[in-house]
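I have a structure here, written as structure tokens, and I will follow up with some questions on it.
All chains are identified by letter, namely A, B and C, in their written order; residue positions are counted from 1 within each chain.
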Amino acid sequence: MFAFIARRLLYLLPVLIAVSLLTFLIASLLPGDLAYVILGDQATPEKVEALRQDMGLDQPVWWRYLGWLGHVLQGDFGRSFRTGQTVLQAVAERLPVSFELMLLAEIAALAIGIPLAIACAVKSGTAFDRFMTGSAFGMLSVPTFLSAILLIYLFAVQLHWLPATGYVPFSEDPIGNLRCFVLPALTLALGEWPVLMRVLRSDMIATLQEDFIAMARAKGLKPSRILLVHALKPSSLTLVTVTGINIGRLIGGTVIVEQIFALPGIGRLLVGAITTRDLIILQGVVLVVAFGYVLMNFIVDMLYAVLDPRIRHGHA
Amino acid sequence: MTGAPLLSVEDVAVDLPTPRGNLRAVDGVDLTVGAGRTLGIVGESGCGKTMLSRAILQLLPRKAKLSGRVRFDGQDLVRLAPEALRKLRARSLAVVFQDPMTSLNPVLTIGTQLIETLQEHLELDQAAAKRRSIELLAAVGIPAPEARLMQYPHQLSGGMRQRVAIAIALSCEPKLLIADEPTTALDVTIQAQILDLLAREQRRRHMAMIIITHDLGVVAGRTDEVAVMYAGRVVERAPTHALFKRMHMPYTEALLAAIPKIDAAPHTRLPAISGRPPDPTRPLKGCSFSPRCRYVARRCHAEKPLLAKAESSDHEFACFNPIHVEAGVSA
Amino acid sequence: MATLELSVSEDVIVASVQRTRRLGPLFWTATGWMIFVFAVAILAPVLPLPSPTDMDMLERRAPVSALHWLGTDGLGRDELSRLVYGARISLTVGLFAPVIGITIGGALGLLAGYFRGRFETLVVGSMDTLLAFPPLILALAVTAYLGQSIFNLTCILGVLGIPAFMRVARASTLTLARREFVIAAQALGASHARILLRELLPNVALPLVAFFLLGVAVTIVVEGALSFLGLGVPPPISSWGSMIGEGRESLEIAPQLAFIPAIAMFLTVLSFNLVGDTLRALTDPRQGAL
């Protein structure tokens, strides 16, 4: 088991290095501009040159990259020249918000997708199944921001049940906090459930035709047990993979939702950094996000082995 | 045999709709099995014997249409309510499938698959169910039964897996056990062990048993009665010793001849039955075996023979041109 | 079922039925809509529409009327006309960006799948690194640095699509390169270029085209999202996304301003998805359809 984990971790290293390099390169596209941006109105050729030397911007790219990487490995991601906050501080503030959003969104998507998938698998071929599968396909063509507008219109504008924007920290007011997340999480969930539902449905239909299901029926087990224990477990592999990949994707995908619903998460931080040309924050956040994504894939690999004991023992 | 039989299959037919037309897998079969007695159902692949077993167990695929009656222990299983049928399973009616690699759930432990059956039907608590599971595994000849409970099917050998499947089937003391090709997926060396295990348990528990196989050799000496199936019908039926002593159906004779004999000269050609089983979507007007039969006559192509009694009332066969040979093989 | 000798393969029956059902009325309606939108967008200047930029301050957020078939927006501009001109922008980006993806990604995938070895590892590795970045964030970052313009937007969205097309092309090439007709060509002494261009490319092109249509759908959505936030096409140019973004302001008093372009976008994306998905199912070499 440990050999398995160790092998996977080793593969992670070159990917992480490549990611950090790419992040740095993107952020350094036009180094000259940075000095101009910082100085703003007060930019004169002498001041720009002085600042460039000061910040080490006149050094070759690879030198700056190594310097930056060195700092990063010591935990120093830099400091925003706008707000004075260190990158880590800013990220630590915003990350929990994004996490809460991602988690609630994925839970909602599973809560919609799993029961529908099971129902469709059991009733496969019927009108209900065809309708649901069709709706799932249609739902995939609805962009996130469209769902957002629709939900805002329905629940905030018309029914006044939920707030359209805003955020309240959990520590202050748990209920209020959750209310702020309902619409955003639902928006994301509406885009996620079709994939989860289709994947699970297809796996379950295949599993339900297996001999061990006939055997479970022959043993006279309760239908609910057959479905939820005997059929669901072997069918969940692809579902877990897809859920993991989804959560990984969501790391960057919360940008739009956070903007629309004014949630102070990572996405919003990023958009802010872009519009204000805050290079340091931009670099740091992109790095954190990309790392998170790679890590997520790794965790999914591990979960896979847990779910299917055959993989653990190297059989499948 | 006193009283009504435990299982009575009455004119059961199974139809399957396919894109090429209706497929009649089972074509009007009558069978009985008495309590504590063993029946062997023998036939080639595709003769409908597995479909028949699924019909008896009420485990047919969704699209299949079943007609006829399956009377078990006084109740007609075909018309029984689903919940009542479910309660009957394992306690009265159990099954062992052909391939234990696919009939055991690969992601659940052996223990779970044993214990859940016990808990469902016998309402034992966790500890009692665990003890009983260990007893069962020991009874079917599995060494270190306690350790096995935590293992997964893929960690056991083929023979062990089938023993587990048998343990599961026997766990609630069923009245009837159906073993569908129980040894076909196993090594030849293990086959005899498994068959002996089944026979032993059957005698001990005074359980009725149906063994389904394509190999006449399997049923010799291990069953009380044999039914030979071909193309969805029973073509010969007799007490085992009577069948081996004196066969009537040419098909049965051909089946027997196809078994390799240990005292035959080396390199003797195995007399395989020429031709192939008929296409079940295109039933023949006459006898289904006629295209391959050595003794075929004109009448065989024109009419379908019905099961008729031979010299004794419990020996039946369906043939216009039966053989009258004493096979001289002791069962 | 393993023990069933007479197992009737239900999957085969279902699959063949589905294949014929797929080219049914839904498919053709979707194709029709695609062509319709495309035609309207191209013919926009010739159509009898009021200018999309003429503001009529007295008729702001007007309802449907004979003069304005879909009403007017918050600045009194004709909604139908804006919708049609918005289609031009959305479709321009939507169609040209995947072109970048299919040409570069397709070529890379074809070469990687054919030549294998270290070249393939390099290509796959760099694509994986690119994929490690959330695409939206990358697009935002790049447009922020290079400036917002239709050209920049198209380029970055195109580049973001390269890994996906590369994968499709490579997967198809890997399957096809082992088939008899390629081995036969190699035996006849054909050059690499000849095999690539005349044997492999025509067959790989089919799944790529199917994927292209799906790429168009995705691009319209991504461009729409960026424009919705004001970070896509530069104002005052408007695509459907920008219209929806503007419509959001008037959600309480005139919701149709957001929903009309939303419906147009939904129908268009749905059509591309439907047609692309159907074609993909029909042309996937792994299913042996060819």
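The rule is short, and it goes like this: a residue touches a chain if its C-beta (ideal position, glycine included) is under 8 Å from a C-beta of that chain, and two chains touch if they have at least 3 such contacts.
Remember, it's a predicted structure, so these values are computed and weren't measured experimentally.
Ranked by C-beta contact pairs, the top interface belongs to chains A-C. The greatest centre-to-centre gap from chain C, using C-alpha centroids, is found for B.
Averaged C-alpha coordinates give centres for chain A and chain C that are 23 Å from one another.
Chain B and chain C have CA centres that are 57 Å apart. Multi-chain contact residues, meaning those touching two or more other chains, occur in chain A at positions 211, 214. Within chain B, contacts with two or more other chains are made by residues 97, 99, 102.
Those residues of chain C in touch with two or more other chains are numbered 1-3, 10. Residues of chain A that touch chain C in their complex: 15, 18-19, 22-23, 26-27, 29-30, 33, 125, 137-138, 140-146, 149-150, 152-153, 157, 209, 211, 214, 249, 251-253, 255-256, 259, 267, 270-271, 274-275, 277, 282, 286, 289-290, 293-294.
Residue ranges of chain C in contact with chain A, taken from their complex: 1-3, 10, 14, 125, 128-130, 132-138, 140-142, 144-146, 217, 221, 224-225, 228-229, 231, 241, 244, 247-248, 251-252, 255, 258-259, 262, 265-266, 269-270, 273-274, 277.
Of all the residues in chain A, the ones that touch chain B in their complex are 210-212, 214-222, 225, 229-230, 233-234, 307-310, 313, 315. For chain B in complex with chain A, the residues that touch the partner chain are 57, 59, 86-91, 94-95, 97, 99, 102-108, 116-117, 120-121, 152, 154-155, 165, 168.
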